[in-house]
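Take a look at this one; I'll ask things after.
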Amino acid sequence: MVKVSSLNKSFGDLHVLKDVDLQVAEKEVVVLIGSSGSGKSTLLRCLNFLEMKESGSIEIDGVQIEPKSTNLNVFRQNVGMVFQHFNLFPHKTVLENVIEAPVVVKKVPKDQAIAEARVLLEKVGLADKEAVYPNKLSGGQKQRVAIARALAMKPKVMLFDEPTSALDPELVGEVLVTMKDLAAEGMTMIVVTHEMGFAKEAADLVVYMHDGQIVEAGKPMDLFTAPKQERTRSFLQAIL
Amino acid sequence: MVKVSSLNKSFGDLHVLKDVDLQVAEKEVVVLIGSSGSGKSTLLRCLNFLEMKESGSIEIDGVQIEPKSTNLNVFRQNVGMVFQHFNLFPHKTVLENVIEAPVVVKKVPKDQAIAEARVLLEKVGLADKEAVYPNKLSGGQKQRVAIARALAMKPKVMLFDEPTSALDPELVGEVLVTMKDLAAEGMTMIVVTHEMGFAKEAADLVVYMHDGQIVEAGKPMDLFTAPKQERTRSFLQAIL
Amino acid sequence: SDTTKTTSGEEVTLKEKGVFSFAVSGEYAPFSYVDKDGNLDGFDVAVGKALAKKMGLKAKVDKQKFHGIVTAVKTKRYDAAVASHAINDERKKAVNFTAPYYYSGPVLFVQKGSNVKQATDLKGKNIAVSKGSTYGETAKQYTKDISVYDSDVTALKALSEKKHDGTITDSITGKQAMKKGFNIQEAETLGTSEQGIIVSKDNDTLLKALDKALEELKKDGTLKKLSEKYTGIDITKKP
Amino acid sequence: MSDISNFFSRMLESYPLFFEGLLLTLELTVVAILLGIVGGLVVAFFKLSNSRVLRAIAGVYITLIRGTPLIVQIFFFYFGLSELGISAYWCATIGLALHNSAYIAEIFRGSIQSIDHGQTEAGRSLGMSSLQVMRRIVLPQAFLRALPPLGNQFITCLKDSSLAAFISSSELFNIATAQGARTFEEMTYLLIVAVYYLVLVLIFQGIVHLLERKFSAGEERVKTYDRKKNHGKGQLAQ
Amino acid sequence: MSDISNFFSRMLESYPLFFEGLLLTLELTVVAILLGIVGGLVVAFFKLSNSRVLRAIAGVYITLIRGTPLIVQIFFFYFGLSELGISAYWCATIGLALHNSAYIAEIFRGSIQSIDHGQTEAGRSLGMSSLQVMRRIVLPQAFLRALPPLGNQFITCLKDSSLAAFISSSELFNIATAQGARTFEEMTYLLIVAVYYLVLVLIFQGIVHLLERKFSAGEERVKTYDRKKNHGKGQLAQ
């Protein structure tokens, strides 16, 4: 579903991604871990072309995407993204947040968009909040709306960038449950997170990044219990 | 060392602390847990008179303190406080941060204050950073300076309000090590934290607060493995 | 303030001992203007200086927006104003006047080629005048629509730029502007006026000294000479 | 005492005159701000555009206008536009409008930039075009945020309109100085006109405060919100 | 063409005159701002004090000054202070200084309040008195933060000083109008004086930018710092 080959990205002098290779099969759930500044967010953002890669190739659902030659707006519809700080549209209600993109981008008739949005809100457990503005929601609720909003475009891959790290400890669980459900339904997902419980339960593959490179990747149990690389070991020690 | 009896505190209509009783013996380490808004910070801040209690009594080191009748500035010297966001003085170097209060408040001669500060910086592992300004430090280093700064006043009790929750996961460890050392040396400490590892290793008593009340208190092992109250149980489930 | 003896022996009260300080508008050529070196010049300035010399005093001249001059003298910011003030009753209530030092009269100027030939054609039209001048009162007899500016030159300039239907000002000032290429022409002379020097109400000694010095300047021909130098004609005789 | 009673009798007697001036002042201000908003929007978009040329044009325009005193600009438009036969009133209005457009452009630019970039990224990641994001996500939020500073700009413009007096516009200040020059009671009329301005400003300040309250309520509340409120007073407290 | 060459010959010929005016403009501005800083500090402390009376006094003062046009204030001081025999120059200076003191008070108040309350709490928790905290912790940081807005206020004052022309202070603008009235070439001299102001403003703007860069470097950097830089340009980009 996702195939990244020798991807490179710099910000000025800072070489942030160094020859990154990554393959994610359909219905696979990949968890990305790594210390702050290692390039996890940048990798996700390159996959969604919020940052433009410098060299290397990115293939999604069998289509290789070149920023210059492709209509990125059409392409981005296939990739849903959930941000650390939710980024809900504060001037729109929960329902309006969810139907915004289908109606405006895909020109789905409003009635149909609303019906579909209601199904999604039901799924994330917020059917009763559709008329509410985001500032009345808790962090966990916001993040679940953000997930529903991304799903409304029926993406083929979902990217999550630390979706629970801005949440109070008590609210983390409800978001993780939603994500696990999604994984169970067979969504292809790439998740940056430090919730090791989630990684253990839901991930097919855990990838450890350090300094812009993928140092080690493996099944969660293997990587957590018997990391091969010294750096992976010391990172895991610090956070577990 | 610290004795709080039926303490009450409101912000306007919001009754934040409801008849709180708490006793901390000398050299004891107490960990306060509880969900967001339960009043943990407010309790600490009342102990340091950054917030003024409404009723109830607070006794520290055998002296009962009444905000109106006591010189709070003298009293506060006995109680060191470490904040979530460090609150280092950005216009002063690390060393100047540490000697500020001894020199200005206690009128300790500057040479002596510097000598003592160097010992403390050594202890928190930052002897080489004394001439550096805070903005050049990592979060973990900042927090260790903040601890040294509080210790410089030779307090009898140290209060910590989520000292690691603003830190990147990798940096949490170094601060916890410093705190464990301090506990081992026999400092009386009250710590608000969600680092359960720290609570298990270092706490003599864990106190669970909910909605302005102390719901349950006990030795870490007892409380974590066999909470008596339903509410404690569900809280622990959510965060462990 | 301080008293000083003049050449003729009278005691006069002045702001500063030995100095006769007076105000001009500085924006009323050829009576007062700033030359290209930044110095004040013009008939008013020259008359003020000649008076000071006659009294044996040093002269100090200052520029002041016309509409503030009477108040400035009233509140003793200056000893006097030699600023082409037409003598009228309203001003006399606030300050004292010397005898007239020149005679003139309001003239209506209009845009070149205008079909306004005389003041009575101005009904419902717009007249521009300078703030604090007596021309405003004159204009009120012909129209309700009056625009006021800080100086006569600005009013004339605005007329020349076709922003108004007429401007009432002194004939010499208007003619000077015509010479400088303003697109205006003379329409009608609206009477005569006498211009006097202004002194504050409670300074009788200075008023007397000034009147005396003025009389002498008239007698010895100095005033006439200055008039011809700055305006090209003699305006110091009662017409 | 007689000064005070004189002040009030002058105030009463001159009321119809000042009322006309007040209407003109308000008219000048409202029209100048409305034109300034239109111009300001255009300049702001130039400033935020991808074209270097447009950005440079906007930059030079803003620099010129913010780099010279308003009174110079007003005189400039007055004598510069006269070939076109534009009246003093319109010269004052246009001068004030152009002046304000530079400041309003910066208000709009600031409010557009103050919208969290995450909003744009969220929109783009959903497949919206940059125009769609600007129109549907950024601008609606930016407009609300621009309202209070626009209100303040209105108040500034209200006071600045006093400079139109110098090109003979019969607004409040010109009436006051003309009356002062006629009666030689400048102080009295300056006090009277100060009262008129003050009352106008206070009224509009009240409206701006309402706007601010209304629109800050809609913003997302941060966790430390309550504590921030304590900031101001009592910083010097024990 | 002849207009342009006329402009330059006028500009060259009038240079010594304008240079004097420029010195006076700068002097007016510098003295007014220095006096305004002293006054502003006092008013700011009043505004932040625990005494209701002092807060009310400061509030009324700020409201009165910010609620009326500067030109009204300048005229007011001119006609009001003339009994005291104060010169036009000093009337203009005092008028500008008082006007600026109200705005500078708000700058100081804002910068003091912008210092994170955590700084005060840290100081208090170490046993420092509120005065010690204010003097040693809050004020040093607040002063640095006030420098850039003070610089901007200086620039505003520089332009505002043009209004002193109307009470006959021979600063830049007065020289321009006087020369315009003499030669009947208002436009030329307005352009010339605009160039003088623009150059002055650009110079001081450069200084303010340096200040801003210098003092924002000392601020604690937040994690998202780098990304924020991208905000401005390209908001309309693809």
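To keep things simple, chains are lettered A, B, C, D and E as they appear, and every chain counts its residues starting from 1.
Throughout what follows, contacts are C-beta pairs under 8 Å (C-beta built on N, C-alpha and C of every residue); 3 or more make two chains touch, one makes a residue touch a chain.
Note that the structure is a prediction, hence the values are computed from the model and not measured.
Visitor: For chain C and chain E, which third chains touch each of them?
Guide: Shared contacts of chain C and chain E: D.
Visitor: Highest contact-pair count belongs to which two chains?
Guide: D-E
Visitor: Considering only mean CA positions as chain centres, point out the chain farthest from chain D.
Guide: So the farthest one, by centre of C-alpha atoms, is B.
Visitor: Approximately how many whole Å separate the CA-defined centres of chain A and chain C?
Guide: 83
Visitor: Roughly how far is chain A from chain B, centre to centre by C-alpha average, rounded to an integer in Å?
Guide: 37
Visitor: CA centre of chain B versus CA centre of chain D: separation in Å?
Guide: Computed from C-alpha means, the inter-chain centre distance equals 49 Å.
Visitor: Measuring from the mean C-alpha position of chain B to the mean C-alpha position of chain C, what distance in angstrom results?
Guide: That gives a centre separation of 81 Å.
Visitor: For chain E, jot down the residues that touch at least 2 other chains.
Guide: As it turns out, chain E has residues touching two or more other chains at 79, 129, 166, 177, 186, 238.
Visitor: Going through chain B residue by residue, note those that touch at least 2 other chains and give them in order.
Guide: Residues 36.
Visitor: Which chain C residues touch at least two other chains?
Guide: Where chain C meets two or more other chains at a single residue, that happens at 68, 71, 150, 157.
Visitor: Spell out the residues on chain A that touch chain D in their complex, using ranges where they run on.
Guide: 48, 50, 73-77, 79-81, 83, 85, 87-91, 100-101, 104-106, 133-135, 146, 149-150, 153
Visitor: Inside the complex, what are the residues of chain A that reach chain B?
Guide: 35-36, 168-170, 172-173, 194, 235, 238-239
Visitor: Which residues of chain C touch chain D in their complex?
Guide: Going through chain C, the ones touching chain D are 67-68, 70-71, 74, 90-91, 94, 128, 131-132, 136, 147-150, 155, 157-158, 161-163.
Visitor: What residues of chain C sit close enough to touch chain E in their complex?
Guide: 15, 26-27, 29, 33-38, 62-65, 68, 71-72, 75-77, 150-151, 153-154, 157, 177, 180-182
Visitor: What does chain D use to touch chain C in their complex?
Guide: Result: residues 78-79, 82-83, 85, 87-88, 166-168, 170, 174, 177-178, 180-182, 184, 186 of chain D touch chain C.
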